[in-house]
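The following pair of complexes shares a single chain, chain A, combined with chain B in the former and chain C in the latter.
After this line comes the complex of A and B, so read on.
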C-alpha cells in the first residue's frame, strides 16, 4: 500500500512530456458540429455572429444568384471560411524544408474544393506592409507554443464568413490555434474585423488523420466556367435594402425569433436565453405552404 | 518476485519523473501538488460563447434532430422516442445537464482549486458541479457528472519550432461512471458506458483570455464512432454574472 502511494504521488508530479508534434499528413474532416453552417445555411440565418449593422445590411442584400456569375464561379473560399467548410473536407498538410539548413521553414496545407492552398511561415519573417496585395488565403506566420501552433493571418481579400452573404472586410485578421492529439487535429480560429464584426468571432474544426485518403482534386479554371444564366454584361445579382423576402425563412422553419436570426453579439451569450422567452416567434408555415417550399 | 515488482515500478516512475523534470529545465524542484504543477491556469469565471451549433444549444431542437451525432440505430431509436414530459415526471430533468453536454450548455462556469489536487467546476446551467481529480479518482456513486481523472500534459514544441521548449501544456480529463444522459436537449442519448476524454487549452488573444475544451465521447451503446466537439469559453472579470438555474429544458418551439 505504501509503495502504491509513493507511485501515485510520483505520477502526480511526473507530468509526461509529449513527443514533438507533426501536422503533416492527409486529414479527413470530422463533421460533428455546425454541420449546416459548413454545408450551406439559409438566407437570414446569422445567429451567433457578432454582426455590425453594416454587416447585416450587406448580408441581407446578398443573393445566391451571385454564385452563378461567370466572374464569381471560381472564387475560392477565403481562409476565414475555408478552414470550416467542405473545402477542407479533405486536407493535405506538409512541411517545407530549407534544403540548405534542413530546417522546417513553413507548413503548407491544401483543401479540395477550389483547391485553397496556403503557406504558414515558421521562419520568423514579418508580415508584409499594409499596402501589399491581399489574397484569398492571406499571409500567415506561425509559432509553436508548446503543442499548439499559433498562426496569424493578415492580407486576406474581402470575402465571406459563411455561404449566405455574411461578409468580412479586407481589414480582417485571423488567429488560429492548431492542436494535434493522436490522430485528431483541431483548429480553433478567432476573427477580428473592425468593419463587419463588433467583437471577436471564435469557432473550431476537427480532422482525423486518414493515410488511406483518396485525395480528390476540385480545380476551377476557364474550362470549368459556364454561363449558367444569360444576363446582360457586368450584371451583379443583388437584393435592394428592404426588399429581401427570404429573410424570415430560418426563423419560421425553426421557430426562432426573427431578431435572433439576425444575429449580433448578444445572441452569442447565455443572457439571450431570457430574451428569447419573450421575443416574438413567427408563426409556423401552413402545411400547404411548407410542402410548396419543400418542392 | 513479489518484492521486486514494486521496486521496478517505482524505478520506472522515478525515471519518468526525471524525464519530466528535464522537460521543465532541470534544477527546479518537483511541484508537490497538481495546483503547483499546473502549466496553464484555468481558474476564474468563464462564459460560454455560443457561435457554433447555435440552433442545438440555444434552442431545444425538434425531436429526431440529431444531425452530426454519429448515433447507432439503437441510439437513433432512443432519440426518436424522447419524451420531455416523461423525463420531468420521472425526475430526470438533469439528463441534458450531465457531463456529456454540460460544457455545451449556454452558461457560466467558475473554476477553482477545491484542494491542491482537485479542480472544481461550478456551472450555473443546471447548478451542476464537476470535480476533476488528479492522481486518482475514488469510485464514487454514479452521478450526472461522473468521476473525472485529470492529468497535466507538459508538451514540447512542434516540428519547425526553434530550440528551447517553453513550459506549457494542457489538461487531459477522462470521465466515466456517469448516469445516462443527453448530448443535446432533445434526447440525443449517451449511456453509462460512455468514456469522455477532454483536453483543455488556454489561449490569450488580443486582450481576451479563452479556454477551449475538445471532447471525445466514446459510447459502445449509442455511438458508431467517437463524437468530437470543441467548445470555447471567454474569461470574465469576476463571477457576478453567475446565476445558478435549475435543470430545466424548454420544449422545442416547433
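After this line comes the complex of A and C, so read on.
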C-alpha cells in the first residue's frame, strides 16, 4: 500500500512537467501596455532603452524613407518586435502533435501583418550552431516551468526594436515567459543584445482569447513590391551622422533634456531624476524655423 | 463651422488611435501635426500590402510637375471599406489632403482625405477611414 501511494504521488508530481496549459486558440491583443511604443514613436525617442553609443548612432542615422525602397517593403517585424506590435494584433496559436506518441512536440503561432509564423520546439532539441542561418522569427525552444512557458530564441536577423531606427544585432537572445490566466495570455519578453544594449530590455504584452475572431490575412510578398517613391536607381535613403535635424523633437514636445530622450541605462533609474533637473531642455523652435523644416 | 470642428475632432481622435498600433511609425515618417492639400492627375494606383500608394502629378507654380506618392491603407482595410483595385484609375483628377513627409525630397503624403470631383467619390470622412 505504501509503495502504491508513493507511485501515485510520483505520477501526480510528474504531471506538471508536461504542457499544463493549452495556449491554442485565436487571441486579440489588449494593447494596454507601452501604447506610446506601438508604432508611433518619433525619431530621437529612445527613452527607457539601455542603448549603447553604437546603438544610438545607428538609430540617429535612420530615416523612414528606407522603408519605401523595394528591398525593405516586405520585411516583417522580427520576433523581438513582433510580439509587441501590430503584427500580433491578432495571434493564432496551435499545437503540433507527434502522431506516434500523441505528445505536443511544438507550439506554432502566427500573426497578421506580414504573417510572421514561428515554431516553439518543446521536444528538447538543441539550438543550431552559431553560424546557422538567421531568420526574422529566429529559432525557439521552450519548456514548461509550472504554468509558465519559458521560450528561448536565438538566430534572429538584425532588425528593429522600435520603428524609428532603434536596432538589435543578430547576436540578440530573446527570452519569453508566456503565462495564461483564464482567457488572458501575457508574454513578458527579455532581450539581451551584447552589441546594442548595455542591460536587458524588458517588455510585456497581453492578449484576450477570442474564439469569434475574424482572423485576417495581411501578406506581403514579391507581388506586393512596387516603386513606392520614384528615385534614381540604386539610391539608398540615409542620414549621415550629425545631419539628422529631427532628433530633439521628442525632447521639445515633452520638455525633457535631449540626453534623457536619447535613452541609455543611466537614464532609466530614479537617480537620473536629479540630473534631469539641471540638464538643459531644448527650446521649442520658432514658427518660422518650424515652417522651414517642413518644406 | 461646427461641422468642421467635429471633423477636426474626429480626425485628431482617429489619428491618435492609429498611433497606438500603427505597423510602422507614422510619427517618424510624417509631420502629423501639419496638413497639405495637393491636386492633380492620378497616374498610378498601387492597391497592395503593406500599404497602397496613389501617385499624382502635381503642377508647380513654375509650370513643371512633380510626382507625389500618397500612402493609403492596405488591401484588407480598404477592401473592407469598399475600395477595390478598380476604384481609382489613371487619368482621374483627385484632390488629396494629408500629412507631409518629414523628408521633403520624397514628395510623399499620408492620406487623410481623397476627393474625386467628377463623381463625388470621397474617402476619409467616415468612421474608420484612416490610414493605419
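Basically, the second predicted complex is superposed on the first by the 264 of 295 C-alpha atoms of A that agree within 3 Å, B and C clash if a C-alpha of one lies under 4 Å from a C-alpha of the other, contacts with A are read in each partner's own complex, and residues count from 1 in each chain.
Just so we're on the same page, a contact is a pair of C-beta atoms (placed from the backbone, for glycine too) under 8 Å apart; a residue touches a chain by one contact, two chains touch by 3 or more.
This one's a predicted model, so the numbers in the text were calculated from it and none came from an experiment.
Colleague: For A:21, is the partner it touches chain B (first), chain C (second), both, or none of the two (neither)?
Modeller: first
Colleague: Check whether A:189 is in contact with chain B, with chain C, with both or with neither, and answer first, second, both or neither.
Modeller: neither
Colleague: Does the superposition put A:67 against chain B (first), chain C (second), both, or neither?
Modeller: Touch partner of A:67: chain C, not chain B.
Colleague: Return first, second, both or neither, reflecting whether A:31 touches chain B, chain C, both chains, or no partner chain.
Modeller: So A:31 meets both chain B and chain C here.
Colleague: If we overlay the two complexes on their shared chain A, which of chain B and chain C does A:228 touch? Say first, second, both or neither.
Modeller: Second partner only, chain C.
Colleague: State whether A:140 touches chain B only (first), chain C only (second), both chains, or neither.
Modeller: So A:140 meets neither chain B nor chain C here.
Colleague: Give the label of whichever partner, chain B or chain C, reaches more residues of chain A.
Modeller: B
Colleague: Name the contact category of A:269: first (chain B only), second (chain C only), both, or neither.
Modeller: first
Colleague: Common interface residues of chain A with chain B and chain C?
Modeller: Residues 31, 35, which sit in both footprints.
Colleague: Which chain C residues qualify as touching chain A in the complex?
Modeller: Contact set of chain C toward chain A: 18-29, 31, 34, 46, 48-50, 53, 55, 67, 69, 71, 74, 76, 100-104, 106-108.
Colleague: Provide the residue numbers of chain A that touch chain C in the complex, in ascending order.
Modeller: 29, 31, 35, 38-43, 63-65, 67-68, 73-74, 77, 85-87, 89, 113-114, 162-165, 216-220, 223-224, 226, 228-230, 237, 246, 294-295
Colleague: Quick one: which bits of chain B touch chain A in the complex? Just the residue numbers, please.
Modeller: Per the touch definition, chain B meets chain A at residues 6, 9-10, 13-14, 16-17, 19-20, 23, 30-34, 37, 39, 47-55, 58-59, 67-70, 106-108, 117, 124-125, 134-136, 151-161, 165-166, 168-170, 199, 201, 203, 205-206, 208, 210, 212, 214, 216, 227-230, 232, 241, 250, 252-254.
Colleague: So in the complex, which bits of chain A are touching chain B?
Modeller: 3-4, 6-24, 30-37, 47-49, 95, 103-107, 122, 143-149, 175, 177, 179-181, 184, 186, 188, 190, 192, 200-204, 206, 253-256, 260, 267-273, 276-277, 281, 284
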